[in-house]
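What follows is a structure written as structure tokens; I'll ask about it next.
Chains: A, B, C and D, in written order; residue numbering restarts at 1 for each.
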Amino acid sequence: MTAPASEGHRTARFRVLRRKAGDAAPHFDDFDVAVGPDSTVLEALVAIRRDQDPSLTLRHSCFHASCGTCGMRVDGQEGLACVTKVGDASEVTVEPLANLPVVSDLVVAMDPFYDGLEPLGRPLVRSSENIPGALPDGVEAYTRYEDCIECGICLSACPIAGSDPLYVGPAAIAAAWRVVEEPRGREPGPVMRLMDDDQAAWRCHVAWECSEACPSGVDPARAIMQVRRKAAGARARRLFGMGGRS
Amino acid sequence: MATTVDRPRPAAGGEEGRRGATGWFDPRGRRMGGLAFILNRLTGIGLVLYLYLHLVILSMLARGPEAWDQFVDIALSPPFLALDVLLLTGLLIHGLNGIRVGLVGLGFVASRQRAMFIALMVVAALVAIAGALRIFSGE
Amino acid sequence: MSQPQGGAAPFHVVIIGGGGTGGALAHDLVLRGVRVTLVERGEVTSGTTGRHHGLLHSGARYAVKDKESAVECIEENMILRRICPGSFELNDGLFVAISDEDADYEPAFYEACLESGIPARRLTAAETLSLEPNLNPDLKLSVQIPDGTMDAMRMPLRFFATAKANGAVIRPWTLVTEVLARDRTVYGIRVRDLTSGREEEIAADLVVNATGPWAEIVARMAACDVPVQPSPGVLLAIRGRVCDMVINRLHPSGDGDIIVPQRGLSVVGTSSWVVEDPEDLGVPEDHVEMMYANGSALVPMVRHAERRAAWSAARPLIGSREASTGRELSRTFKCFDHRETDGVEGFVTISGGKGTTLRAMAEKTADVVCAKLGVDAPCRTRDTVLLPHDAFYTVVPAA
Amino acid sequence: MTSDTRPVEPPPSRDEGPRSAPPFVGQVVSGAVLIVLLGLHMVAQHFIVPSGLRFYDDVIEWLSNPVMVAIEVAFLVFVTYHALVGVRAILFDFGFGKRTERLITNLLWVVGIVTVVYGVALLAAILNAA
């Protein structure tokens, strides 16, 4: 009653960026893998580890774009390996996410990503709530931020995070905007003050990579622009003596 | 801004995972907005260089009519005119994309940023072509 | 050999396997004052744990045929709600009768729920549809029970985070190459650190095999036998939330009879068969088709929903090798002291069970471990509220 | 519904005192001004001065109008500001750290002032020479 994924119709070559502790530089290893029409990059990598090289390290858990662990760069673009299809490609290049420290092979350390969320009180809600009436009308507009699966893909895709380690990054600002838009008892003022900063919302150069890359439809870039709009409005009101708070 | 916690980490690549300060202009794997960003920076750098070149060249004006008009004769030669077209194109890309970045970057029409970029770049291309024709026709 | 230096804690337990059970066991044991090192070949929760459908069981699914599992589930369900605040969508579940046959099954089901201690509420077809308007309009009736939705990775991660903060050493990317034994007594393991390729030995007073469907393979390394049958099931994630509650088919457990909303997805599960190799499951396309067909019997719009992912997860079922579908195997868990089953000292296997009962599995195993070591400390995991999942990545381990 | 277990600390207050308006807003404002001035410049070159602003005599005549001189100076100021803030953004991408970044900002102020002074002096020299 089983049809193993390795029963592929053809062979694809996977070029995987490898690096172990102590290596002077990363290098590519090539693996030929049998793939079928629905094969995902993650299935292929797991098959490589099972059949060819047990020392290959990668992160994965849920296999359905919910846990966010298998973020990596496939042919240069960030994506979740579990929902990235091999398609017709005869050669697939796989690299770890950029802008995060490499632990080994395709594994990056996620603590810098979570550090960006820490000062905000980590407002990414891990489960969407189902209490009718408890949330404002039009809640659909708010709930998308809860879709953040903390995969780090936005950080990898962001050209600014790529060069400036001080930038808090898209996910944190999206999370912050969630607090502003939908405070749920929190005081948004301090969060806005953190984001109205040249290492936060104002650091963004509007490349929109984060929103285009996000596998979960979070749209951090829009959130960044909303933070700016609100911050700029508050500054303008202060400037013209109309009071208002940041 | 990002808190730096001293945390033991068996990192093979360390901070080298970052694309790096010179990594921003690598267009591989970038999507439309990323390419716009790269284009904006490259044209920006080009225009800064032109600004200072321009200021140096203008100093010839202070040296009287002969020096300047001699330079203008050279500047009307085709290679120089090609540079003019390049300058015009850079200005158009940077300026028109700048309108998008300004609007979107302050939270306006953010949902339309993609369409806006395409439209503005079409305008840039058309004006650049018209400008090139005019420059080379010697008008 | 790297002999872990003992502080106040006299005993060192090595846990093989970083799934929910291993994480919960590490948490339990450090709270009892035992030193713990957990090794996992990949990322934690990368085996069966992370792949399950994210259902916080009420136990109703097992109430009729497997009361032991049902009681276990509802007890753990209530405990987890207390110790993992924020990890669950407290959306409840419905068991929906579609056919007349389903409706005939309802009285037995409802009674069995109550007998197992599962709060249950009978709903008419109209009441059901007002709660979940996308359900099959031909439904007959339903029973509401306290199912819930969890994040299959992040809930278990909280056990790891808390264990780590309390001093447990959690080592992902660490492959066990050998279980070290002398005179039929296990005294440690040999591992390869996959981030560097270095090999080392880790001494242990006791080694616990918590590798789920891999339990038999790992037990064999210690010349022991565990009757675990990897029984995979196919799960299908479709885009969009077709329901906000957990939707179950009200009938004896079958294929494709549950829909669990997960963030912006809906997860339809699951089929069941048995395999020998937990590494090689495959995703049979006919099973995916079956998920579509049976899922749309519950919620018609499933039929044309966009497929986001389809995958297989292997349940670690305990039971006879002759099982063919896995459905006839018990969903409860079992802890093996291999001195009793194989005459091997210092080696314990925990297997079976399910995501919802991870804490109970850990408690039972920690009781066995502590009894063997002579550690006299009560279990404290029922009342210890867990750290949030991201602490697993950010917490600085105690020196 | 339940909330997280770790107490949510209020974010630490930032101790750097009042901050200046973000450079981004300055870039947008100066950019907008530049589009207007550059537009004027182009229109002037190609529609007001019949053969374009090229030869010495044309240029001198153009600059004899004080309004045009004012526009040129304004253009110089805005373009220098816009250019140097852009350069600063690129340099900041190297992640030098706060202290070096302050140094860069100060250095660019000096460069900017020198540029504007040079430009104004040049304008004066041109008008004097004519």
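In this text, a contact is a pair of C-beta atoms (placed from the backbone, for glycine too) under 8 Å apart; a residue touches a chain by one contact, two chains touch by 3 or more.
Bear in mind the structure is a predicted one, so any value in this text is a computation, not a measurement.
Chain centres here are C-alpha means, and the one lying farthest from chain D is C.
Chain A has its Cα centroid nearest to the centroid of all protein Cα atoms in the structure. Counting C-beta pairs in contact across B-D and across A-B gives the higher total for A-B. One finds 15 Å separating the Cα centroids of chain B and chain D.
Mean C-alpha positions place chain A and chain B at a centre distance of 29 Å.
Inter-chain centre distance (chain B to chain C, centres taken as mean C-alpha positions): 55 Å.
The distance from the centre of chain C to the centre of chain D, each centre being the mean of the chain's C-alpha atoms, comes to 61 Å. Shown for chain C are the residues in touch with two or more other chains, namely 86, 90, 195-196, 388, 394.
With touch defined as above, residues shared between interfaces to two or more other chains in chain B number as follows: 5, 7, 10, 12, 21, 24, 101, 105-106.
Chain contacts: chain D has residues 1, 4, 6, 24-25, 93-95 touching two or more partner chains. By the touch rule above, chain A contacts chain C in their complex via residues 1-7, 20-22, 38, 40, 50, 54-55, 57-67, 69, 82-83, 103-104, 107, 109-111, 113-115, 117-118, 122, 125-130, 144, 146-147, 149-150, 216-217.
Per the touch definition, chain D reaches chain B in the complex via residues 24-25, 27-28, 31-32, 34-35, 38, 46, 52, 54-57, 59, 79-80, 83, 86-87, 90, 93-95, 115, 118-119, 122, 125-126, 129. Every residue of chain B that touches chain A in the complex is listed here, in rising order: 1-5, 7, 9-24, 28-34, 36-38, 40, 100-101, 104-108, 110-111, 113-114.
Those residues of chain A that touch chain D in the complex are listed here as 119-122, 129, 131, 134, 160, 163-166, 186-187, 190-191, 193-194, 196-198, 202, 205, 228, 231-232, 235. Residues 19-23, 26, 73, 75-78, 96-105, 108-109, 111-112, 115-116, 118-119, 157, 159-163, 165-168, 197, 199-200, 204-209, 211-213, 221-222, 225-226, 228-230, 232 of chain A touch chain B in their complex.
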